[in-house]
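You will see two complexes here that share subunit A, one where it goes with subunit B and one where it goes with subunit C.
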Partner chain A sequence: MTSTSRDLAEAEEPAEPELPVPALDALLRSMADDEFVIGCSDSEWTGIAPILEEDIAMSSLSQDELGHATALYGLLAELIDGDPDVLAYDREPNEYRHARLLDHGRGDWAMTIARRYLYETADAVRLEALAGGSWAPLAGLVGKMAREERYHAMHIGTWLERLAAAGGEARDRLEAALTTLATDGATVFTPLPGEDDLVTAGILAAPMSELADRWRAAISPTLTRLGLPLPPSSPVADARGRSDHGEPFTWLWSEFTMVRRSDPGAAW
Partner chain B sequence: MSEAGTHLAIVQARSGSSAAVGAAASLEAQIRTILATVPDPELPVLSVVDLGIVHRVEVDEDGIRVAILPTFIGCPALDVIRAAIASALAGLGRPVRVETTFEVPWTSDRISAAGLRALAAVGIAPPADPGATRCPFCASGEVAMDSAFGPTQCRSLFYCRACRQPFEVLKSV
Partner chain C sequence: MTEPIPTTPRAPSASDGTLEPWEVFRQEKDGDPMRHGGSVMAPDAELAVHYARELFGRRQESVRLWVVRRADVLDLDDPDLLQPPLDRSFKKPGGFVMRDKLAAAREAAGQSKPKGRPG
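And now, the complex of A and B:
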């Protein structure tokens, strides 16, 4: 155990088994990148959301996600003796490990709601599988995140119902967005390298493939009731679920790294 | 200012003498008194103690360590709070370290009774279960949520149909 991981484990009982660092790195990176990318992506609505209240709501949701990303990058930085800002800003686009679900660009409002609905519901299943885990620093953070995410789920659920019930163009756009995103929803549950080690260590309750099944079971009743397309039950094919991000992400990356690249090392 | 969830632990310097114990205890009391005067930057009618974010205070040979619980993980006021606490305790002549922790989640029921009264006095209703929120101005229960998301991460927007006043409610987390 390095001195950093010993620091992190200080609140636990002595003689804890060694942390599965590579697998934990992959897990924290995937979660931090997910929260960071959806936070950056949806903050594009600040100033141009459909109504003023939504402008505030979407900005607040995004602020929460960026806060979660900051905390997760902080945890990862302690684990691997790195720097949270370097993790957030100094990687090339192809080095980010967020789910492909988040690689479709901002799109219209229906796309934003559809993506967030699929992401929030998936994230809730993931957080539940991490809550009460054996690694105290992550279990504590996850418990806190889940309390905030409840507001997100409530908000996005309301929008999903409204767009679905509105009929006409709103519903057509929502159906189109859910169809476009259908196969990518489950990429949040792309198997992680070494995830068995996380399950064995009691950090993660179940493998990602099982979490994907739980997620489909969780959202099926709502989507079925609203007559909306369900994500297919095929498993996530391979590691491509969290790489090979494409042009929309390269554009987003160029936006969120702009200040950092123009003045490397600056603090703000 | 004693508030149920606040855990103040004095980690005694290794000397273990009764004089040192007494000195540490009186320093603890001093720290608590000072923290009770540090306002939350977003809700300045509350001190950080009334808000319930002071999780632990430790005094040892390395100085003073204060662990605080963020109300929201991404609260942008955290840096300001850390700096305000450090600056308020600077006069004690020991190094001060303020760190955030998620060991236990901050929840809205950590706000003290005095804190809840101070919030109500400026028109912010305390956290409540859905349906139990009352207008801080006229106490009517005829209220409606305009938006779960308000001017800060921790507040929602409501409207009172009885006295026709908009008001804010601290989110229940």
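And now, the complex of A and C:
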């Protein structure tokens, strides 16, 4: 292309709307931290999952989540001129912005299945609200993530059905886990600072409170059919849904930052 | 009554959470033959496909998988049918082994072994 035609092409493009950077920062950080924390948390099953095949499956799913976190931290780093590793590893526990749903520790297998079910279904609603967004880098990444999450949804749906249908101890533990997690499920949809700017800019299809309603509507038929407790319909009241993480996360943080902290600044 | 071909009988599926083996065949790229990849243990068909996907597809190393319950595989290993004791070399694509007969015929005719086709 000659310089003249390039100039012409640029001149014909509509003026780039200004990105709502602080709000995008909050969105990318929340999504990356969600994926990073559930990936680290579920990888706690590596070596001790119920059977070898499930051990490999859960480890592979966890790696997928870490891969999504890598991509999202990368996008955030480009946006704010930062470093993905610094974002992932060099913050204090109270600076992470993942949903409190992910703050309950690994727990037993039923707890892991219940948490994954609530998170995966919520994440699917969130991804759908971002897929057609106006900011191409995020919309493109979300499209790729959604294709992998399709399998995650199949996997977790299979397990939810099995534990629910098994009766006995398996079902008791699943019900207990869903009851424990119920109020925290919707913390995935904690309102983000500046989220109105994201909606106005066409990056996010609807406010988080509306996505929370969509999520409840999406999971109600399955949970009702299985006779399992539904998450309460009350909206998330405050912004604490993505802070105030508590002791189980402090422990997880100490695990996933251990190697990094052992030799700060080392090139890996 | 004709004797049935002696394959192992198929076992009914347990479907009570008991693990059983499933054989996994994988195709590496479109057009390739399906090759046996290995096996997984699973309590039912649905989880067997999940585990096959994880063990033989998570690194994008397959474009297609076939998952077969091992109990549904007809297993034939009867030596009378597969490894009979008589010479069956005439059934091979090369036919009878002719080397020794040819050598004897050449010797009788006083010829040496041809050295290959001329130019």
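Observations on the model:
FYI, the second predicted complex is superposed on the first by the 254 of 268 C-alpha atoms of A that agree within 3 Å, B and C clash if a C-alpha of one lies under 4 Å from a C-alpha of the other, contacts with A are read in each partner's own complex, and residues count from 1 in each chain.
Throughout what follows, a contact is a pair of C-beta atoms (placed from the backbone, for glycine too) under 8 Å apart; a residue touches a chain by one contact, two chains touch by 3 or more.
Note that the structure is a prediction, hence the values are computed from the model and not measured.
Annotation: superposed three-chain arrangement on subunit A; subunit B versus subunit C shows a clash. Ranked by how many residues of subunit A each touches, subunit B and subunit C are led by B.
In the superposition on chain A, A:Glu148 contacts subunit B only, with no contact to subunit C. When the two structures are aligned on the shared chain, A:Leu223 is found in touch with neither subunit B nor subunit C. Once chain A of one complex is fitted onto chain A of the other, the partner contacts of A:Gly140 are limited to subunit B, with no touch recorded for subunit C. Residue contacts after overlaying the shared chain place A:Ala166 against subunit C, while subunit B stays out of touching range. Judged by the touch definition given at the top, the superposed model places A:Ala57 against both subunit B and subunit C.
Of the two partner chains, subunit B is the only one that A:His68 touches; subunit C does not reach it.
Under the contact criterion defined above, the residues of subunit A that touch both subunit B in one complex and subunit C in the other are 53, 56-57, 60, 151, 154-155. Interface residues of subunit B facing subunit A in the complex, by the touch rule stated above, are 70, 72-76, 101-107, 146-151, 153, 157, 171, 173.
Residues of subunit A that touch subunit C in their complex: 51-54, 56-57, 60, 151, 154-155, 158, 166. If you check the complex, the residues on subunit A that touch subunit B are 11, 53, 56-57, 59-61, 63-68, 70-71, 136-137, 140-141, 143-145, 147-148, 150-151, 154-155. By the touch criterion stated above, subunit C contacts subunit A in their complex at residues 17, 19, 40-42, 46-47, 50-51, 53-55, 58.
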